[in-house]
Amino acid sequence: MSPDAARAPMTAPVYLDNAATTPVDPRVAARMAECLTEAGVYGNPGSDAHEFGERAAERVERARAQVAAAAGAEPGEVIWTSGATEANNLAVFGAAHYYRDAGRHVVTARTEHRAVLDPCRELERRGWRVTYLVPDSGGGIDPGQVQAALQGDTTLVSIMHVNNEIGVVQDIAAIAAVCARHGVARLHVDAAQSMGKCAIDFGAAGVDLMSLSAHKVHGPKGVGALLVSRRRDLQLQALQFGGGQERGLRSGTVPTHQVVGMGEAFALAAAATAEGPRVAALRDRLWQGLEAIGRVLRNGAAQNTVPQLLNVSFEEVEGESLLAAVRAQVAVSTGSACASAAREPSYVLRALGRDERLAESSLRFSLGRFTTPQDIEVAVEAVAAAVARLRRIAGA
Amino acid sequence: MSPDAARAPMTAPVYLDNAATTPVDPRVAARMAECLTEAGVYGNPGSDAHEFGERAAERVERARAQVAAAAGAEPGEVIWTSGATEANNLAVFGAAHYYRDAGRHVVTARTEHRAVLDPCRELERRGWRVTYLVPDSGGGIDPGQVQAALQGDTTLVSIMHVNNEIGVVQDIAAIAAVCARHGVARLHVDAAQSMGKCAIDFGAAGVDLMSLSAHKVHGPKGVGALLVSRRRDLQLQALQFGGGQERGLRSGTVPTHQVVGMGEAFALAAAATAEGPRVAALRDRLWQGLEAIGRVLRNGAAQNTVPQLLNVSFEEVEGESLLAAVRAQVAVSTGSACASAAREPSYVLRALGRDERLAESSLRFSLGRFTTPQDIEVAVEAVAAAVARLRRIAGA
Amino acid sequence: MNYSELTQRYFETAPGAGTLGPGAARGAAGSRAQGTWVQFELQIDAPGGRIAAARFLAFGCPHTIAVAAWVAEAAVGRLPQPALPEGVQALRRRFDLPVEKLGRLLVVEDAWLAAMADAGVKS
Amino acid sequence: MNYSELTQRYFETAPGAGTLGPGAARGAAGSRAQGTWVQFELQIDAPGGRIAAARFLAFGCPHTIAVAAWVAEAAVGRLPQPALPEGVQALRRRFDLPVEKLGRLLVVEDAWLAAMADAGVKS
């Protein structure tokens, strides 16, 4: 578990931040390595003038089929991107701009990832109207809320599948049905956190656009995909223009090793059907251990959450000190630190109705393929000790 | 040189398509591998809550410094992207949109890469005016042409450094001086092909924006950078919104292994000062061999071309047959095949004044770090035999 | 571009490429400037006799060269006729020609018809 | 967030965390709801005498806890004074406090002043 053995003479912390990113599975890394050096498949998959290019294109198409199979899509529906951030941007801007003449209203939710919310804010600056749905206290969006928010000129609904902070799963098929009845509104689903955590079936769910990411499921960072439904002749305006790759929707050299890594990671995740119950047992043990600390609150509806995530607020403990007290033993995300430089209480937890203090004093534990029972014991012990000590110092 | 040994029982062709993409240097691949699996630096460089993230961020910053040093920029001027296509799009759209109130005129050249031309076409659809400069027959753009094209409302000039088809090098510093005198026009330079072929000095040249790519210089595909000058407080509108990474200019998880690969590739290229003369000697030998075939024309001004590229048109030979006749022995690009599905005579060679036939019957030989004298001999022999045979069949 | 095995073989070997010299019937079609040019030369020993020898020249894509070579080869021993030894659609199937290349086959056919006309065969 | 070695040490050991019980002078400032709350308790045996014991409680970030702990420790043996054992700017430097956290130091100072007031020391 050491991130850099030479630099970490003390035992490295237990890694429970798999929702931020995961270590690449060694089997994935091995496939990637085959597509780099002179001994491997290094050609440009866009070079059809020679066999170096053709071999690379074969690998790319094999990976496309793997991703499609894992997500319930057709290979022709997979557009490679540099990650779910780009996929989300391409979906939101691409659909909004392409269908601008049909209307300029978008529906999304307060608990979406910033890679959806920030494009929506940008759309507002460009003259669109955006409705931000507020979830219930468990994090759920009722399909009826979506129904009620639709207007005559709504062209896009963007609702995530698995929330990255609390792990709550939305009823995508029901929301898709609402959009289908509306007729004009297309549904985009940010499923960056779904693969390996919760079954995805792009086709069966009736979704129009779906964002995927490799690095949340033991694949490489810097690669993802946007699934673009072919059934409804969905069109998008591209974000990035150039060589015309990916049917002109996403120009740029396709990075063979990256998409091969994503394909392999998705295939492995789709095949690892025993993983859910194993991780759920670890998560339950974790929650049991944390609950015993007392005055802790679970964030997100427990019954509707993927097994990999557990988000807990600790009463009477200050967030930054909590993190500082546990970080030598456990690597987790908190409700006050975020990927960007700005340190604000989690807007997701705030949208669930948590006050600023409880939002800040939350820890997100996210488990992965390599999480062991031992990791869970270390985490419970470390957090229990830290909370007890900080409460004592606070006289609480 | 076999791209896939198990599949290629016959000797694989000699790879002379390094301008399309290069094999990753094994030293680069080794650094990349350190940033993938559980044993390595796999954290999210945006996760500042734990040491896994901090270690990754350290690697990212080291890579940023390597790229900056190799390109004559400050580390704070490096914005990671998914490649030069994205960097070009971010530069062209980002500057045009940010400075839209100062004017809507852009100057570029007919011989630019499609990742510049296609965004310019899109700008035209959005109401901008674009001037496309025509190079001289050697491929050169005179700084005076740029000067003459500038208008009061020109906000952006985009001229590439090293052309990807003919290898011609533009006088960027002189063009930068023209833009500086104008005052409002910012200069973007597509330098995707420059690293390792031709010295780049972003700061000294006085360039505002510069696009870089890793995979043209034995780094990985799917990563690049846009250099954004800090001296002139240059602003851009982002293309992609989300986590706020890269100073908000390029949201999305930074892929540690990818940028580490780019950093290492750039450091190696910057250190390989003996490479230029070695490759130039191989290129000269290649040209000597091809010229001896007779009725061949060199495309691009020989005295102003990087050593890695040689573009030759063969009279009285049909392009597709030429490619088909050599492809078992030599992997090259042609003036008729291109990365996209469309097969058209190279617009770059057409802009130099070559007729359609000569544009189509051209081969681009691009050499790299791993090209050997033996490769050159194989190529000369194969091309000479093919040309002779096809001319005989054509009665020419 | 992928070529069928037959296309590849006739392109690579190009049997019958060349000319027959004075006395042969000759016909050409297409133009080098347009990218496809084909010429046939046929030797018909006795008036009304069979084709004793055939040669072709071709400037064009591998399909053009392969088909022209095949036609020249197939011509030998046949009675001169205004029709190709095998029709355009059959040739297309035989060589697995992509549809956008049909125009090239028509150039081959035109060259054949020109050679026949030169040989005095009425169409 | 990176903490200086001193901050880290006082945060981790938090010497003097707790209360002294009845009879001690006590002062608090800030609020838990706002994210920072500090309390000092001081035992001053004779009127006009030195501080014999000091305790603190703190709800807040590591800097707040570390500084409060350091102040409580430094207070022992001193004559009660309305000023902190070390001024706010000096403390900021000592603990390498980021500028945006200056407000937390002022809460520590306010708690100290409140305890002094409770001890009857005039400011």
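Per-chain residue numbering starts at 1, and chain names A, B, C and D are given in the order in which the chains are listed.
Assume contacts are C-beta pairs under 8 Å (C-beta built on N, C-alpha and C of every residue); 3 or more make two chains touch, one makes a residue touch a chain.
Bear in mind the structure is a predicted one, so any value in this text is a computation, not a measurement.
J.: Which number of steps is the smallest that gets you from chain C over to chain D via touching chains?
T.: Between chain C and chain D, the shortest chain-hopping route counts 3.
J.: Name the chain whose C-alpha centroid is most distant from the C-alpha centroid of chain B.
T.: The chain farthest from chain B, judged by C-alpha centres, is D.
J.: Please compute the C-alpha centroid of chain A, do the same for chain C, then give the distance between them in whole Å.
T.: So the centre of chain A lies 61 Å away from the centre of chain C.
J.: Take the average of all CA coordinates in chain A, do the same for chain D, and state the distance between these two points in whole angstrom.
T.: 43
J.: Can you check how far apart chain A and chain B are, centre to centre, with Cα atoms defining each centre and the answer in Å?
T.: 33
J.: What positions in chain A touch 2 or more of the other chains?
T.: Within chain A, the residues that touch at least two other chains are 48, 323, 337.
J.: Going by the contact rule already set, what residues in chain D reach two or more other chains?
T.: Correct list: 1.
J.: Work through the pairs of chains, note which ones touch, and then classify the graph as line, ring, star, complete or other.
T.: line
J.: So which chains end up touching which?
T.: Touch list across chains, by label: A-B, A-D, B-C.
J.: In the complex, go through chain C and note every residue touching chain B.
T.: Interface residues on the chain C side: 1, 3, 11, 14, 17-19, 32-33, 35-37, 39, 57-62, 65.
J.: If we count contacts the way the header does, which residues on chain A are in touch with chain B in the complex?
T.: 1-5, 7-8, 12-13, 15, 17, 20-26, 28-29, 32-33, 36-44, 46-53, 55-56, 82-83, 85-86, 88-89, 113-115, 118-119, 121-122, 215, 220-223, 239-245, 251-258, 323, 327, 330-334, 337, 339-342, 370
J.: In the complex, go through chain B and note every residue touching chain C.
T.: Contacts found on chain B: 316, 318, 320-321, 323-325, 337, 355-357, 360, 389, 392-396.
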